[in-house]
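Have a look at the structure below, then the notes.
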């Protein structure tokens, strides 16, 4: 992440150091630039709220199913922490109830249902509540005849909910499948850094069109797991958005500043029918 | 040749070895028969003690036992006139997936399964039962055949997970798995999944989204391997045994959650100890469930299937 | 810079070059205007003579003219808000196929086309408009999108043929083409194919099985390239001109056979001489045919489509 | 092909030389072995009649649409020969009217519709008559509720019929598609040496199950065309049945002696429903 390490003390309120290019960024520019490094174009992670503010027309987003909050279905605990403690810690840290926000809003004037993941909440992992919110978002889009935009940032399934978490892959794919069969509106996924595991291997990759942010890590297995399995260094750029674009797995790589425009074009499909 | 054994069962395997020898002696010299009886009793007691109430981790070990019947053993035992589908007609033939059409009893079925090898050489061609995208796309083809011929779709699952490799990522492992899940959930024929060994995460659920999921008693089905979980929680794969506890991954756990429709009991100490018995039980179980499913209208089947997957884990604050 | 010309039109290109120069002079010195007029008349006459009734081979040459508008030029000119589909979500992104969704007039359409490069560098990435299996599989995806959104499916064709290469064979070129043909014939939306340049054999028919096939006047559509035909008949590729005669591959031939629904006339000497005019004509033609197709029930459309392809060439002894 | 070149004169009635392994084969053994070289297992081409005799139960095959014969739709002629002359020459050479025979018969007791190509008739090329016979075979299989077995041996489309020949790819794919949508009986292709071009890229590769004879050349483009395009030597075994089997494009490679058995098993699917 961006930090102010090695920044001259007097100046540390003004400057940040980019963890990617290691160069100094003027703080105000960094935030004006939507948390993209103006020097190396590295796209820093956004919180779900930041993403919503960036993507949706000002004040248009209205959250739905905000109240849903996870319970500990397995009685999952380690000597260090119970799952309920983990949840509470993440809720306090992020101010969110769960790892995604869903709602209805407008992107460049085009009304749609949005699913926005927050990686800062337990790595954007998909447990029963995330799965349920995703499912309800599809149902809402279907019943309101609106397009659906899913913005993913997730390490995958939520280990702490065990098999229930794995089963959210089925639940969300079921609903994505229903939407594609019963609606004529578009379903678009915007994959941001990172989108991996059970979220990628379920509804996210089933979209009509897949857009990604530059440099985003996108893959089924994590790079370290792969490295360990194949016992070799991974090729440069492996599992980046650009890598998948080259291989025809995603349709567009769009810089953050152009996302609203591109997404609004895609979700315009069928809007007037 | 010394048989394979896990630490906790070494004593049993040793005694069984002795029993075999004493049995040979007894066949020539009846005076040994008493010793045979005694050994048998001893083994029986020990098995009850050691095997009677295995820990989750011990079940994981059973599910991975090298002598455990592999998916193609189940297919060979249960399916007649098996006609294989070789590949995905797109890119490759993935040997980690066995797929085709055949007869179960007098009934035609389409079958897919994740198949492990029985030795190192086989495991190299089968990637230890870890499928590539082309394997899952082979399954998609067979699902289409099932719909085309209006016959039930059966899957046998025994995989540590989908293969985490460079080519697999390049060719869209996640895309292939998602397509499988979606297609199976919308498949217009009755479906049945049997987890016979390892039910490893995304690699397993890809072909497990069936009307009914059956599990062998010592099979496991989990969002992550115990090793992977331990590695994340404690940065220590060796604490897999603890992770196996917290993950609630056994057949009986999953049955109590209402996720698994039926648990098929195994012989004490794992089904590799009596493959024919497990084949028989699996055959009976499949027959029963297919019989029950086949009398339903396909509309009803899909409705029930969708309701089931729609409500999983719906307990919130 | 000397403009590209074929042997039979060198004189015209030369005179046009002169005209350009004389025009420049005339703009400064009005006394040259008479010369301009004379040159224009000369060129006009020569064009009528040389271009007035091109041989089949000359049409093949026009269809391959390096300056001829490429498929993406047609798409750029005719489709607004084009949203590209990048690849097949299986293996690769084939640049020889341009595909996506956009607006034709106010109407949403799904579009696929075989795209050639405009120079050597582009042609390397686009394989001279020769698609690989992954290109055809990208088209399959877009066909699914057309059905998903219930919008018409439009194809633009300009390809010497499907790519004959090692990887293409390894990944089932024939399988991909057959799948495209079948899917397009059964597609549950109206379909329209426009052959803008080369309609090369299997590589073209893969995405040409439409409700109506339109052809530009100088496009060709053939079972085999004239060179390939000459090579088989006479072991001499240089006799392609003769082969072009016997193959009956011109738009007007195909229209007279009842296979092509409409021939879109080109400016004298090939449509690269006036791209905007051809874009306008193609736009009008597409609009007319889409308007006619869109008022029909989809059942009627499929019935007519199937009847058409079922009876082709049904003249037997 | 098998020949008696370089065979000692006195013995030439008894021996043949295998063009593949260059070894001598005892003639009687060669024919008993269904024209498969007993030494190198090379599968020599069969005529359609030989194939029918080998595959179908004795006397069970009844030809349909036997009368169909091509006409010259394009007025195709070269200085050397008109298309009609080419047709007549091939008809006299083979005793066939066209490059495929279609009919109804039994394979190991299982009734089915058969399409059998003959490579000796103009390289098994698919013109309008072949296309029509294939289409009618599918229609017959559909209306009689029988499985369909297509035995292909073809260089592709028939150049002499120009665009009409190309269009048979559409016609046959249309009917293969109809059969797969409307019938629950099996459709099997047996690909023999060679199966290429327009026949492979249409109905042949759309089968439910694809079987091939060992060593058969199967591909979209001919090896020489590919070699010319890629300007390189082709890998050993490229485009053989075994090569495609390895790559998951076909399901089985079955030696000639076991074909009836294997095919009868496959077409038993759905027969009793």
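Note that the chains are named A, B, C and D in the order they appear, and that numbering of residues resets to 1 at the start of each chain.
In this section, contacts are C-beta pairs under 8 Å (C-beta built on N, C-alpha and C of every residue); 3 or more make two chains touch, one makes a residue touch a chain.
Bear in mind that the values here come from a model prediction, so they are computed numbers and not experimental data.
**Q** Which chains sit in contact with both members of the pair chain A and chain C?
**A** B
**Q** Any chance you could check whether C-D or B-D wins on number of contacting C-beta pairs?
**A** So, comparing the two chain pairs, more contacts are at C-D.
**Q** Between chain B and chain C, what distance separates the C-alpha centroids? Give it in angstrom.
**A** Taking the mean C-alpha position of each chain, the two centres sit 54 Å apart.
**Q** Centroid of chain C to centroid of chain D, CA atoms only: how many Å?
**A** 33
**Q** Using Cα averages as centroids, what's the distance between chain B and chain D in whole Å?
**A** 42
**Q** Which parts of chain A, given as residue numbers and ranges, touch two or more other chains?
**A** Those would be 205, 247, 249.
**Q** By the touch rule stated above, which residues of chain C touch at least two different other chains?
**A** Those would be 89-91, 171-172, 175.
**Q** When you draw the chains as points and link the ones that touch, which shape shows up: line, ring, star, complete, or other?
**A** other
**Q** So which chains end up touching which?
**A** Every pair of chains in contact is listed here: A-B, A-C, B-C, B-D, C-D.
**Q** Please output the residues of chain C touching chain B within their complex, sorted ascending.
**A** 89-91, 133, 137, 171-172, 175
**Q** Could you list, by residue number, the parts of chain D that touch chain C in their complex?
**A** Residue positions touching the partner: 68-71, 73-74, 76-78, 80, 127-129, 131-132, 135, 157-159, 161-171, 173-178, 181, 196-198, 200-206, 219-222, 225-226, 229-230, 232, 234-235, 238-239, 247, 249.
**Q** Which stretch or stretches of chain C touch chain A in the complex?
**A** Spelled out, the residues of chain C in touch with chain A are 81, 83-94, 101, 108, 134, 138, 145, 148-151.
**Q** Applying the document's contact rule, which stretches of chain D touch chain B when the two form their complex?
**A** Residues 180, 184, 186, 205, 208-209, 245-252, 265-266, 268-270, 273.
**Q** Looking at the complex, which residues from chain B come into contact with chain A?
**A** 162-166, 168-175, 177-179, 181-182, 185-186, 201-202, 205-206, 209, 221-224, 228-229, 232-234, 242, 246-249, 253-254, 257, 259, 306, 309-310, 312-317
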